[in-house]
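First subunit A sits with subunit B, and in the next complex the same chain sits with subunit C.
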Partner chain A sequence: MQKLIEVRNLNIAYGSPAGWTNVVQGVSFEIARGEAFGLVGESGCGKSTVAYRLLGYGTVNSLVQTGEVLFDGTDLLKLDAKSLRRMRGNRIALVPQNPTTSLSPGMRVGSQIREMIATHKALPPGMSMQARIAELFALVGLPDVGHRYPHELSGGQQQRVTIAMAVACNPDLLVLDEPTTGLDVTTQRQIIQLLGDLRSRIGMAMLYVTHDLALLAQIADRVGVMYAGQLVEVAPCDQLLAAPAHPYSRGLIASIPTVAGTERQARGLRGVLRRDQMSTGCKFEPRCDFASAACRSTPQVLEPVAETRTVACMKWRESAVPETPAVKPRLDAKATAKPERLLSIADLDLTYRKPGLFDKLLGRTSPSVVRDIDLELRAGEVVALVGESGSGKSTIARAISGRLPPRAGLISLDGGLLDPALKSRSVEQLRQIQYIFQNPDVSLNPRRRIRAILERPLDHFGIKADVKTLEGVLENVGLHAGYLDRFPEQLSGGERQRIAIARALLVNPKLLICDEILSALDVSVQARIVELLRSLKEKHAVAMLFISHDLAVVQQLADRVAVLYRGELMQLAETETLLAAPLHPYTEMLLEAAPGLSKDHYVSRPPAMPASKPVPGIGCPLAGRCPRQVGSVCAETRPPVQATGSGFIRCHVPVEKLATRAAPPVEKRPAAVV
Partner chain B sequence: MSVFRLLASRILFSALTLLLVSVLIFLILEALPGDVATRILGRDATARALEVLRSQLHLDQPALVRYFHWLGDFLRGDLGVSIATGRPIADVLGPRIVNTLLLSLFAFVIYLVLALVPAIIQATNRGKAVDNVISVITLILLSLPDFLLATMLLFLFAVAVPILPALATISEASTWQETLRAMVLPAVTLAIMMAVYAIRVLRDSLIEVLRSDYVRLAELKGLRPRAVLFRHALPNAIVPALNVTALNLGFLIGGVVIVERVFSYPGFGTLLIDALQLRDIPLIKATVMISAAVYVAANLVADVLAILLQPRLRASR
Partner chain C sequence: MSTITSSPAKRFAGFDAARWRATPGPFKVGAIILLAHALFAIIGVFWTPYGFAEMGAGLPLSGASWQHPMGLDQIGRDVFSRFMHGAHIVLLLAFAGTILGMVAGTALGLLSGYIGGWFDEITQRIVEAMISIPFLALALVMIIAAGPALAGEPVLIVFVVGLVYAPRIARIARAAAMEIATREYVAVAELRGEGTWSIVWREILPNAANVLLVEFSLRLSYAPILIGALGFLGFGIRPPTPEWGLMISENRNLLIASPVTVFGPGLGLASLVIGFNLFTDGLSRMLGQRAVAGA
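So, the complex of A and B:
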């Protein structure tokens, strides 16, 4: 195969007042023409730093110590600014991580693409600029949205725009920096599908940077696994996923939650990457299950172990032996008597807009964000609230916690009615509901020590506690007393989230609201927090409302799942039943979109009646997007609630008909517009 | 909400603000001790003459009636008659406003250059010597009172190196070259006083924008640095500086009073000082109302520009 780009012995350091830190060490790999190469690793492993160097780009405080990035024979690291500009966008293009912040907010998206083509004079001969831009939009499955501003497009559409822009000059190499991280599962899959499609049509090479191995399985030919700035394994994607050789690759793969992955084999990763605890030998040694004394002192470099495979581990033969699957006893022994009802929500209706004076006079009502929610939580039960962004998951949590008084509906806890407004609730009621936020980096006060953070709720609720209590709760979440005198910034993301959980547990609540508490964390950390939550649930019999967009995580933790779409409850079912037989078309879409650990040739189902628009507040919100829509009745009338074994679905299609799963679509269609 | 509804609501609020200002001015001047009729006719005027004058000036009517009377006249363009000179205020104000507008416009153009150029230089050379030097200079200028700066410039360019006139007295007879030369020193003083605030805000917001994802993507699209700066960075960085500029225009009104005084420039500011010294109440009312209107209008323009520069604002509720 012909090499397109070759990275040779790249060493990069970041400067700080404390001195230089090596973030990339001795990284070498190559990408052939038309090949998709994946770079995977946890946050802080240096994968993005390497990727941006392929565009000849580095932040001001970073320094390339040694190394070459040879693109078609020229070293990008030695190019002058002008020649580099001729490369960028034209021959090597970037698809950024966050399209919402990466598109210029004050410029129409068409002009942003035009600018790219004009700069590189890349208009195909005999074609007008207008026609070329329209063609590019069509290529990524968008209508002509050139006159729109970025904020007028959805996240998925914005990402399609950046992809259209990246391929505008027919580049040889596309660098993709976590291009689907902020997107919903279904959107994510459509983008992946689109990228695969573009690759086969245009034939460009790709460097795909991500922390998500399941996604790489769908698109990459070969994968490089990075740890602490070094490549520890390079292998063809299917081989890596089937039989990872490096202990780190094994742990990483084991940590990934998948919907199908109930028969988990190897154990996940322990510990976290700490650059201050590096040994002179193998970087992974402190976290490795196979480490010996020699590992600590002998640096490991990539050695070929098979024709297409290199591994940087002298013990790879030992670690590659598959462990005997440790069958985890499923805790199916449910209490025979149904525990009492803890929380019940009836006819909840929420809106963010307060009606103005004019609206009141004219009798207008503002649209509801969330409608007709009926939900119950029993003591000690974990109910997951699942749905895409904007479906109203967090809004419901806000109403339960009292931060958003509902427009209509009743919320009661333990038989007593909860006042809609936070300030009118009793101290006791406040104590019983505790909230854990998505991002622990911003939900803990950076200026207070952990001790003060933990003591604050105890003071507030007048709970007597001694040092033992704090140590006990820290132990509960897998930390030790030494953390009490640290500041949040001295902790890793996972440790901070543990503190947030400890803080919530301290006051002995009956209900924990977990609002996307895993999404800001690395997979290996996620796996361990899930483990922690599971043990807490058993030990403390605390009920949880677990909000998530990730069905794979949900299945490891939740007893029941409530599926939400555009503010309406589509389905409620026991977790296992839901996964085995989703029934509701929307649940089915979500499940199909969740990537497995092997290439699954996912093709999104086309909607049955794309032109249909639901009557707001009356029709089924899924109308127009639903692959099983039966007719205009879906859009015009309220879907009936149909009882199923363990819950209900809200759908016009009869349950019996839904139970027979539609055959997966055979014909490959152009991706639907997100 | 459509752009038009947004605009309409902003204009409505501006009008309401002005109405409130008019009430305040009226109340304050009403609360001043002394009798207008006595001031005009002098202490030894007969009681009869005073009464006649009072009824001519509607002073015998209740305050509420007089307020609406004044407001109605004002809205029709009838600003009343100056007590001190006996001339219609519109005739006195007209040429002065033109002079001040000329001076402000000149100052504003200089201001734009003085604010943008150093800020761009600083933001693109962050942390380097030139950044620090400009920071120190702006800090020094920031802490100088405006009359002191005016006097220093006067000394430098009119006394030590006499290239510009010390007195900016112009009349209808002056040629445009003379007018321009006369305006340089006061305009530069005003511009510097305004620019030092804007430079700091603009530098910081430009640094932030230069660090943003969209500027990085623009760079990685292979655009020339100038295109990245002027097309992607600057339009977004200017928005915070717009509010400062609107506040600056408020300063301009106050600054004009002092700077015009220092350079004896026959503008609106000197007129306002005269009116205050002579307690020429109708003239004070008219000048204060006009300066308030300018201030409110400037903020309105800044708001509208911000909306135009940031399409996102149009969508916000």
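So, the complex of A and C:
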């Protein structure tokens, strides 16, 4: 195939007052016309830096030391600003990571696309601007939303707009910088589906930058794995996933949680990417399981090992040997005697708006964000709360923790009723429930040392502690006493999250609320935090309410799963049962959307009755989106609760019918390759 | 990418050459001017060429000479000696007043921003009312209200400066607190059941510190002008204590006969204000430049 773009020996350094740091070293790859090339690696490995250079773009403090980026024969790095401007958007276009911040908030999305076409004079002959914009919207599966402002669109729709904008000039190359990272699983899959579809229709090449190998499996032809600024392996996607040759690729793949890989207990990556701890030889040596003395001193370069495959590791033969998956039988901790109930929630109803005086007089009620939640947690049990964003997962957690007094419903902990307001709860109750937040960057006070952060709760709850206590808890979460005198900004994201976990554990809580605590972290770090949580669960018998949008993570940790959609519990079931037989149509949708480690040709099932909108507060919220809607009854009446073996589902369709029809799509999916 | 740049011990290390070179220019110039003022003020406390209230140090209105670099006033007092002695008065009043305003304004602003609700509403309306009055008018009203017994006392000047500045500082502090209050570490403290004071003191104040520091030095640079204006109008320090504004006022009749007696204190005031301003400018650049997560 003909080369479209070729990167040759690219070296990029970032300048800082301390001097130059080499961020990208000797990266070379090429993308053929119409090919989708994936670039994958942990955060900080330089993948975005490389991607932006394909647009001839670099930040002010970056310097290209050597290298060429040949696009159709011209070196982009030598072009002047004017020719670059002509090139960007027109022939090479970018789909940015976060559509919310990359669309101009004060401008209608139609005008933003018009701007793109007008700048490059890329209107196809004999076509009006309006028609072209409508055509672009149709191309990305949107109705004509040109007159809307970005904030009127959902995250998925916004990303579709940025994609429409990127393909507006029919570019030869599309650079995608983590385009689905902020999106829900189902939306993510639709975007991936859309991109695959666009590629076959327009025939453009793609550079897809991501940290998520499972996603690349769905879309990329070839994948380059980057580590510490170097490409360590380039291989066709299916080959890489089936038999990774480089130890790093191997670890990266092992770290990915997939719904199918329940029994897989392969070894993930240890350590984190630290640029200050590089050996002169192989960059990966400090974290590599196959490392020898020679690795430390001999720099590794990409060597072809097969026709279409290159690896930068001299021990690739050893590491490519498929490891016999050590089948660790999951310890069934389920004791015959059921432990006592710890937390129970009954008829919980939440709203964000406080009713005003007029509303009270007129008897108006504001819409509920969360309705009719009944949930219970036993001591030492992990219950996962799963749903798309906006489904009310965190809202429930806020109510349990006392930050949002519920409109109706009772929450009791350990037999005692919890007061709705935080202020009237007893100190003891506050201690027993600990909350871990999503983003450790903002849940630790940046101006306090770790020691002060950890000592404060002890002080507050009057728990006697000596030096050993802090060291002990740090050890528990896999850190050491050296961290006590550091500030949060000196820690990596994963380390910060560990500190947040340590802070919660320090006061011996009975219930941990983990609010999306993994979503801000790298895959390899995620895998280790999950491992940590699992060991804590066994050691301390602490119950957890684990909130997540990712079913794959949940199945590694949770005993039971509660599926939430638009503020209503759709299903509650034991994890294994839920994965084996999802029953509820929404759970099924979620499971199908979760990407596996092989191409699964996912096609979202069309809703049965897209026009039927649920009656607010009464009908099933899934009506109109549900592929198995039985009729207008779904939209108009409240679905009944049907008991299943280990829990319940809330659906109009009888359980037996759901069970029989669930079979075909599951069989169609090939099992994930280990 | 999170590279660990410096150990905490090193970050607070003393002044070394590399650090000095890295600081912005205005900061350096401002710091030098302020240092000169401070030295001058300290010397002025212990030694002046003549007594600051000594009459007949030379021929009145004889203009600048080597003995009397800033000339002599109408009753033959050496203006330079008075200027030297007055330096520490201006500095002390400015610092004391601004610190008072800072403490009051910060406490009020942080509480108002964090607590919100009706407390915030009421506080903000009062603050707005106070800001809407021109600051000199407000100061004069306060001095008159204090009555003749306190008039001319340094304590009164300090209070006036503090009260004039407090509402302005409160607004800045409130804005910072409102932003920080949404951070999750504040939520963590709330979930722990911490009291309002504890949260404001432990979680919010340290993170608002750099905003407040810049505000402090900005207010500090205006304080000498306010004190000087009060002195000029005769509402400041009681004569014969040589406060610079008062000296300009006393000698303004001599502007033609012996201009140097007015220019001296005037230049002193101007250089002090410029020094503070440059210092503030550099400081805010330095604090703004440093990427402080969460501030």
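Operating definition for what follows: the second predicted complex is superposed on the first by the 658 of 674 C-alpha atoms of A that agree within 3 Å, B and C clash if a C-alpha of one lies under 4 Å from a C-alpha of the other, contacts with A are read in each partner's own complex, and residues count from 1 in each chain.
Throughout what follows, a contact is a pair of C-beta atoms (placed from the backbone, for glycine too) under 8 Å apart; a residue touches a chain by one contact, two chains touch by 3 or more.
Not measured: the values here are computed from a predicted model.
In the superposition on chain A, contact of A:Pro446 is made with subunit C only, not with subunit B. Shared-chain residue A:Arg486: touches subunit C; no touch with subunit B. Residue contacts after overlaying the shared chain place A:Ala293 against neither subunit B nor subunit C.
By the document's definition of touching, of the two partners only subunit B reaches A:Gly106; subunit C does not. When the shared chain is aligned, no partner comes close enough to touch A:Ala611: not subunit B, not subunit C. Of the two partner chains, neither subunit B nor subunit C is touched by A:Ala643.
In the superposed model, A:Arg85 lies in contact with subunit B only, and not with subunit C. When the two structures are aligned on the shared chain, A:Leu430 is found in touch with subunit C, with no touch to subunit B. In the superposition on chain A, A:His120 makes contact with subunit B only, not with subunit C.
Between subunit B and subunit C, C touches the greater number of residues of subunit A. Overlap of the subunit B and subunit C contact sets on subunit A: empty, with no shared residue. Against subunit B, in their complex, subunit A makes its touches with residues 55, 57, 85-90, 93-94, 96-98, 101-107, 115-116, 119-120, 149, 151-152, 162, 165, 353.
Against subunit A, the residues of subunit C that register as touching in their complex are 1-5, 8, 22, 183-185, 187-194, 202-203, 206-207, 209, 292-295.
Residues 17-18, 21, 23, 43-44, 275-276, 401-403, 422, 425, 427, 430, 433-435, 437, 439, 441-449, 456-457, 460-461, 485-493, 503 of subunit A touch subunit C in their complex.
Subunit B makes touch with subunit A in their complex at residues 212-214, 216-224, 227, 231-232, 235-236, 309-312, 315, 317.
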